[in-house]
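In what comes next, chain A is part of two complexes: it sits with chain B in the first one and with chain C in the second one.
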Partner chain A sequence: MIELRDVSKMFGGVPAVAGFSLQIETGAFFVLAGPSGCGKSTLLRLINAMIVPDKGEIEIHGQSIRAVAPEILRRGIGYVIQSPGLFPHWTAADNILAVPRLLHWSASKCSARLEELVALLHIDPALLRRYPRQLSGGQQQRIGVARALAGDPDIILMDEPFAALDPVSRLALQDEIRRIHARSGKTIVFVTHDMDEALRLATAMAIMKGGRLIQAGVPLEILKAPADDFVRDFLGGEAVPLRLLDLLPVRELTRRGWTRAAITIAADTSLKNALNLMLAHHCSSLRVTDEKGTGLGEIRLSDIVARRDAI
Partner chain B sequence: MMPKVHDRVLLALSCSGFAGVFLGGFLNFAPNRLARGVAYSLFQASAIETAAVMAGLCALAFASFASGAKLRSFVTILASALIFWGSLKGAGHLAALLTQNGPPAARASPGAAFWTLASAAALAIVDAVQRGNFSVPARGCVAAVFCAGFVLMGAMGDFGHLSLVREFASKRAIFMPELWRHLWLVCVSVLFALMTGVPLTLFILRKRAAAGLVFAGLGVLQTIPSIALFGVLITPMSKLSEALPLLRELGISGTGPAPAIIALTLYSLLPLVRSFHTGFNEVASGVKDAATAIGFSARQLFIEIELPLALPALISGLRVVTVQAIGLASVAALIGAGGLGTFIFQGIGQYALDFVLVGAIPVILLAISANLVFAMLLGLARRDL
Partner chain C sequence: MLLLFAAIFLMPEIEPLMRWLFPGVPRPLYARASFFELTLAHAELVAISSLAAAAIGIGLGIFVTRESGREFAAMAGSLAAMGQTFPPVAVLALTIPALGYGAAPALAALCLYAIFPVLEATVTGLHAVPGPVREAAIGMGFGRLDILWKIELPLAFPFILAGLRNAVIINIGTAAIGSAAGALSLGSPIIEGLSASNPAYVIEGALAVALLAMAADQCFALIEDRFRPVRQGD
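Presenting the complex of A and B:
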């Protein structure tokens, strides 16, 4: 667990983070969201001691981060930034193995870890001998993520890692990182200003403004009950109901029983997908099935529209 | 239809070569050092060498119209070899012919046409090598072949009758010590510049506010004319040497190598510190940030990331400083520091142009070879970047 208690940091007389308290549970995919300059990157850099707070305490697993030398602390925390910051004079493989080598792993352990990461992140092994300038933006960021994971850290900090990528690479990497998180149970703290990305990835999130925490919680709860107009606007204003559909499964509004609907949808897909399918096929109901394909019932357009939790 | 010119530089070099041949004297022949000489043209040299030079110039002109870059490089190198060989051999033979029938004090020195041809050939080769984007070993090969040819001709005694070579032969006993002295002055001052420049760079990298002040101070030093700086150092150095017997025992006084080395070191500081400073500052901040954030200590960051990434800039700085020191060290002869400048200033004093060249040509060759060596090192350092 990462715990921040009453943390403040000023830059040139301007508070970047002010009286900030937050708990991030172990195993969470925690998204820090907020407009540019709200202090979310500063908060991230406070956690790995890249920035020392003026006031307050930061603890990881109940131990103050000041108890260890900063470089030792950082070797146990993965870190990914927007411009991947790969070392231009090292090959992709050497970049990935930077932390294991700082930790003095044996050569055999390093090469075994490299193989694992190549498989985990679907990296083309031919790329490993190339230098960063010979890689595309998406490939570079994949290497950047692999470098952050290489030392097998419990915690990974990601500062708008996919913001500079094209939509296709961004979606692919979002899927990879969500899959890796689900499989490994690592704690990920992820900074973004992109609401779609935040809602797609977060198991918990916090919204910041002017260095202060405005609202924290599960994405669905925040969408259902924004703390104030700022949060509502940041979540998309008028588009919030549509965003909400993305987080709710079809299962919740399924009516049991027989259906005449011809088009089928899985119970685990989101209501937004159901709506999409209805629009695509010009119908107002769909047949809902479970993962084995057994019919569960139907979902109706009128039920989606009349949802009680609609804002 | 007019054929298209693909390389204007080659055409210009070829034209200047032709102009030199037809307008300037190829060899100057004088009965003694003071008498006015008679200019002989290239066409008075033996036919085969004249033909080689003319063929080389024509080939150079032809190459400038060739569209293929590979063909152009190949023809250029071949043509330059012909011009080089023809003019060197031609000058040697013509000098031998003239001096054998002339008085013993007769002097045969290369004239304007010779120098025009030699420099046109040299520039054409450099141009061909650069445009052809030759690899470092290939450049080394081209340079080695030309040097070997030159040495071979020298060994065969082809140049023995040129007064420049006779002057050199008569000064051989004092030439080598002065050459070593020159190299020693350069090496010691560059070493001292490194010893002061590196800590100074590290200091202004940490204290950014001090950088402006340091650069302003070094800039003032750099603007002082070299002879003035050598002169200015004489008084305090001799006072110091009078006051401290220890310094006197070490041979440090107002004139001689000590003030020369101090001046050369001071001149080296600005280019050295500026290029080192830029080199380290230009390492991308994202890269440094990422390295720190994944657990590099300050020492590891410096040795494994900043130093290798700044290396090309460091080598460039050393290159500038070394080439500059080789040139400036010749002026140091004026305050008795020795070196190749000794020949230059003695030659000027005795109104003996060939004597001046005995000092000047090695200085030029030293500067060019130092430049070449650093260019190769730079190529190696940039390989992974």
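Presenting the complex of A and C:
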């Protein structure tokens, strides 16, 4: 677990982070969200000691990060940035293996790891021989993520990694990282100013403004009970009910029993998708099935609308 | 390159041409030393001073782009620039009393002269390393020495090479002055020719210097080409 206690950092008299306390559970996909300049990138760099706090303590698994040499600390933490900062004079493969080589892994271990990552991230092997300038933005960032994962770190820090990508690449990589997180149980700390991205990915999140922590918790709770107007506006203001639907599975509002509805929907998909489907097919109820296709019951439009407050 | 070798070894063949061009000159071919010896001595002067200038220039360049040396950047730049605006003859005048006649003052003057292009090129090259690349390297756990050696210097290399090329070509021309201090070089025929009103000597020396410069330039072009694909691209 990563713990920050009363952390403060000033840059030229301006507080970038002020009195910040937070606990990030091991295995969480923790999103730091907030408007530009709120200090979230600074916070990320405090965790891997690229920035030293003026005040406060930062501990990883109970040990202060100050107890370890910064380089050693960072080799155990993956780091992905927006640009993505691939080394231009190295091939994609050499870029990916940067940390393993710093850790003096054997050549066989390195090539085994490379193969694993290629499979894990669905990287086209032909790209490995290329130089970064010969890759598209999406491909570069995929290599960047592979590079961060190469040393098999427990923690991965990601600073708006997909912000510069086209929407298709962005969605693909979001899915990719979500999948990797679910499979590996690694702790991911992800910075973004995009609320949609935050809600898609987070298992826990914190909203920041002006260097301060405004609200932290599970996305569902933050959506249901925003701490103040700022949070509510940041979450989308009047779009919050629809956002909530995106986080709730159809299963929650399924009425057991037989249904006349012709169109089916999976129980594990979101209520928002259910709404979409109803709109698309001009019907007010759907048949709910599990992954195998067995009927579980019915979901009604009226329930979605009426019971929203009771959720 | 071939021309250079031809000039060095076949210079004596020019004698008839020189005799025809300058009928009033008693000894049209510089014979105090063979042109091969002169070229070798000249190349030696250039090589040693360039290596020293490279070491100092690159070393300083690295220093002033580090956190600890940043405040010295402007000062180093000015000093190096001053080193280049100082006429080499003046440097010779100052160093001869201290170092005596011969190659030593020439080396000092040439070295001083060459530091500026190398320093500037090194600083430019290191500053050209993209910020995100440096940030990624730090964030991944590269140590400072690792970053310099594995990331920054390889990326700055094309710039540094260009600066070295500059320095060497300039030095080839300037080394001729070394003969004014008594050093043996291709400047020897030039200077002796100037003081003895012997244009044949001057032409022979100047021709050899020019060819040497072109040959060196070609060498550098070859080296640059070899490293081009690795250079950072668009």
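The rule is short, and it goes like this: the second predicted complex is superposed on the first by the 308 of 311 C-alpha atoms of A that agree within 3 Å, B and C clash if a C-alpha of one lies under 4 Å from a C-alpha of the other, contacts with A are read in each partner's own complex, and residues count from 1 in each chain.
In this section, contacts are C-beta pairs under 8 Å (C-beta built on N, C-alpha and C of every residue); 3 or more make two chains touch, one makes a residue touch a chain.
The shown structure was predicted, so the numbers you read here are calculated from the model rather than taken from an experiment.
Trainee: So if we stack both complexes on chain A, do chain B and chain C clash, or do they fit?
Mentor: Clash - chain B and chain C, as placed by superposing on chain A, overlap.
Trainee: Is A:N48 contacted by the first partner chain B, the second partner chain C, both or neither?
Mentor: In the superposed model, A:N48 contacts both chain B and chain C.
Trainee: Contacts for A:A204 in the overlay, against chain B (first) and chain C (second): which applies, first, second, both or neither?
Mentor: Neither partner.
Trainee: Just chain B (first), just chain C (second), both, or neither: which does A:L102 touch?
Mentor: Touch status of A:L102: both partners.
Trainee: Between chain B and chain C, whom does A:Y79 touch in the aligned arrangement: first, second, both, or neither?
Mentor: Both partners, chain B and chain C.
Trainee: Touching A:A172 in the superposition: chain B (first), chain C (second), both, neither?
Mentor: A:A172: touches no partner chain.
Trainee: Clash-wise, after the superposition, say which stretch of chain B runs into chain C: 22-30, 58-66, 76-84 or 310-318.
Mentor: Given the superposition on chain A, chain B and chain C clash at 310-318.
Trainee: So which positions on chain A get touched by both chain B and chain C?
Mentor: Common to the two interfaces on chain A: residues 45, 48, 50, 71-76, 79, 81, 83-89, 98-99, 102, 131, 147-148.
Trainee: Hey, which residues of chain A end up touching chain B in the complex?
Mentor: My answer: residues 45, 48, 50, 71-76, 78-79, 81, 83-89, 98-99, 102, 131, 147-148, 151.
Trainee: Which of the residues in chain C come into contact with chain A in the complex?
Mentor: 130, 132-133, 135-143, 146, 151, 154-155, 230-234
Trainee: Mind pulling up the chain A residues that touch chain C in the complex?
Mentor: Against chain C, the touching part of chain A is residues 45, 48, 50, 70-77, 79, 81-89, 98-99, 102, 131, 133, 144, 147-148, 157.
Trainee: Under the definition above, what is the set of chain B residues touching chain A in their complex?
Mentor: 284, 286-287, 289-297, 300, 305, 308-309, 384-385
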